[in-house]
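In structure tokens below, several structures.
First chain A sits with chain B, and in the next complex the same chain sits with chain C.
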Partner chain A sequence: MIDVVSLALLGLVIACALATAVLRDVLAAIIAFAAYSLGIAMIWVLLQAPDVGLTEAAVGAGVTTVLFLLTIAKTVRPPGDAIFESVDPKGLLVAVLIVGVLASTLGALPPVGSAETPVAQSQVTDYYLENAYEQTHVKNAVTAVLAAYRGFDTMGEAVVVFAAGVGLLVVLGREVFA
Partner chain B sequence: MIDALAAGPVDLLATRSYYAGTFLLLGIGAYVMIASPNLVKKVIGMNIFQTGIFLFFIASAYVDGAQNPIVGPKATGPFVSPLPHVLILTAIVVGVSLTAVALGLIVRIYNEYGTLEADVLQEVRSDD
Partner chain C sequence: MSVDDSEDGDGAVEAGENRSLYVESPIIMATVRVVAPFVFTFGLFIMFHGADSAGGGFQGGVIVSTVILMLAVAFGVESTRDWVTPERLVAIVGIGVSVVLLMGIVTVALGGGFLQYDVVPIYHFTKYGIELFELGIGVIVSGIVTGLFFGLAAGASGEGSADREADEREGLL
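Right after this comes the complex of A and B.
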């Protein structure tokens, strides 16, 4: 069951996403998207994922917004006075189809917060929670899994970030070093 | 599952509202990616789509009344599962890398063709 605060936050997040979709001016859409990231970071905290909330607030609401703002500073905003985007019937049809198909699976999903969900009962979850402190001496199980048990995943992540940096330098080399 | 169906759609939505929110965010993200002519907005749509999937993972890890997974010697459970949190931490960073490269390509496209509208871009390119 969901409490009022979570429901209100979920409503805020979906409203911000809708605002992002309908606002025609890219700067307005970016501001709505930053509000969306802030709302979703608060949802992470309510769902007991403070590490994800911190990362989302710093990276999602912070770095991503700055990247978007830098991009529109280097390019143009769409011309014209219209505040809202006109509705695209084809896109709307696809979106409604996606939501409809996904919503048909809702009854097969376990209730959120139930202790009987496959994730909560998983042996992997139990193993990490029982052994993380003895084996790694890190109190935060998320850090222990990220840096120790799944260290190779994190190295792969670092490789992705490095590749993105190299890719950006290749793409923007002329602009940056000119 | 049978119980859930018998309880009716209102109860289904009340107990699984995070999943319903996920589905709506995926729909909105897909709509922005398809419908918006502006390349920057398409990337914003991709970000909304991503966070929709993040919401699914984090909601699946949540257990009512459980604490966040800080498991020192004195802490007593129950705890939420740390594994989905780790996967999503990685996914957030990878998502930002993806956004950065996409936006870099967009700046490059603008310098080359002078437009960010996908349909205008298609015309300009077919003229070449």
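Right after this comes the complex of A and C.
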């Protein structure tokens, strides 16, 4: 499964993530972060998860970037001409530790596309794949699970988005978004 | 784009002032005029067609709200906000939440479980119900993302908020 495209995408994502961390200019860091999100979105598509890829592209690479740009417009550029931020050893140590801990779990993951994974062998998965179309009349099994079988969860997610908006209004002390 | 321009060439002196983010650019305006209808249609397609292909209310809602964000970048945040009208935005989000909740309540009222679409006596309602549910989510998401954008653009120092906050603080004390 590791082919040239995957390796190139992984390289792009890691390079963009590092650039986001070390670039001194916040605007440049935001652009690098958007490129990182776009790379992740393409990786999702390669991993056959187009629904997640679409979300990552629209939210991560699109809207988040605009919101960040809007926010830094209210800040000032740090003085000096250096392109890269100087690396803080303590911060670097913590980052390396976190990456190490997360990387130690990689060995427990099944290979991509393996038929032996708990998800592929689960009776629930079989039930959804066999009955989703007859019971819900939608062809996308992901939507069938999200909006029908687990509709209550999805309603909760939608209300969380609503609550985020209400939270912003409460913090700003206003009744409308203005 | 416009942010970049106003960001360059400034000193640390201008911080804190309400600088105008907006730079009138015929290129950006023309591009947005051409691209916006297609993006809007694509967002609605993702929202409605989520039942049969990749996509759904969350993704479609974000793409639809991108149209408002593009208009705001091209024609200025203030004028776009006045065009949308903030009150209408809050109403739209409320309608979205009501649609999503009503779907659940109606199915319970007809004797089924929460969001058990097949109890509604309409042919193929499960599919239409799922699409309506997704549409409600899309309306919530697009309204909130647009609202976050306008809220961030106005910031804590936006028009009229300072007095109101001061009033509230006095009230609390």
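In the analysis below, the second predicted complex is superposed on the first by the 168 of 178 C-alpha atoms of A that agree within 3 Å, B and C clash if a C-alpha of one lies under 4 Å from a C-alpha of the other, contacts with A are read in each partner's own complex, and residues count from 1 in each chain.
FYI, a contact is a pair of C-beta atoms (placed from the backbone, for glycine too) under 8 Å apart; a residue touches a chain by one contact, two chains touch by 3 or more.
Keep in mind that this is a model prediction, so the values were computed, not measured.
In the superposed model, A:Leu168 lies in contact with both chain B and chain C. By the touch criterion defined above, A:Lys74 reaches both chain B and chain C. Contacts of A:Pro50 after superposition on the shared chain: both chain B and chain C are touched. Of the two partner chains, chain C is the only one that A:Ala148 touches; chain B does not reach it. By the touch criterion defined above, A:Tyr36 lies against chain B but remains apart from chain C after alignment on the C-alpha atoms of chain A.
A count of residues in chain A touched by chain B and by chain C gives the higher number to B. With both structures placed on the common chain, the touch criterion links A:Glu85 to chain B but leaves chain C unconnected.
Taken together, the two structures place residues 50-51, 55, 59, 63, 67, 70-72, 74-76, 139-140, 142, 144, 146, 154, 157, 161, 164, 168, 172, 175 of chain A in contact with chain B in one case and with chain C in the other.
On chain B, the positions that touch chain A within their shared complex are 1, 4-5, 12-32, 34-36, 38, 40-41, 43-45, 47-48, 51, 54-55, 58-64, 66-73, 75, 77-86, 88-90, 92-94, 96-101, 103-108, 110-111, 115-117. Across the complex, chain C meets chain A through its residues 3-4, 6-7, 10, 12, 14-15, 19, 21, 46, 50-59, 62-63, 65-66, 69, 73, 81, 86-87, 89-90, 93, 96-97, 100-101, 104, 114-115, 117-118, 124, 126-127, 130, 133-134, 136-137, 140-141, 143-156, 158-159, 161, 164-165, 168.
Residues 1-2, 6-7, 10, 13-14, 17-18, 20-21, 26, 29-30, 33, 36-37, 40, 43-44, 47-52, 55-56, 59-60, 63-64, 67-68, 70-72, 74-76, 78, 85, 87-88, 90-92, 94-96, 98-99, 102-103, 106-109, 111-115, 117, 119-120, 122, 124-125, 128-129, 132-133, 139-142, 144-146, 150, 153-154, 157, 160-161, 163-164, 167-168, 171-172, 175 of chain A touch chain B in their complex. Of all the residues in chain A, the ones that touch chain C in their complex are 27, 50-51, 53-55, 58-59, 62-63, 66-67, 69-77, 79, 135-140, 142-144, 146-148, 151-152, 154-155, 157-159, 161-162, 164-165, 168-169, 172-178.
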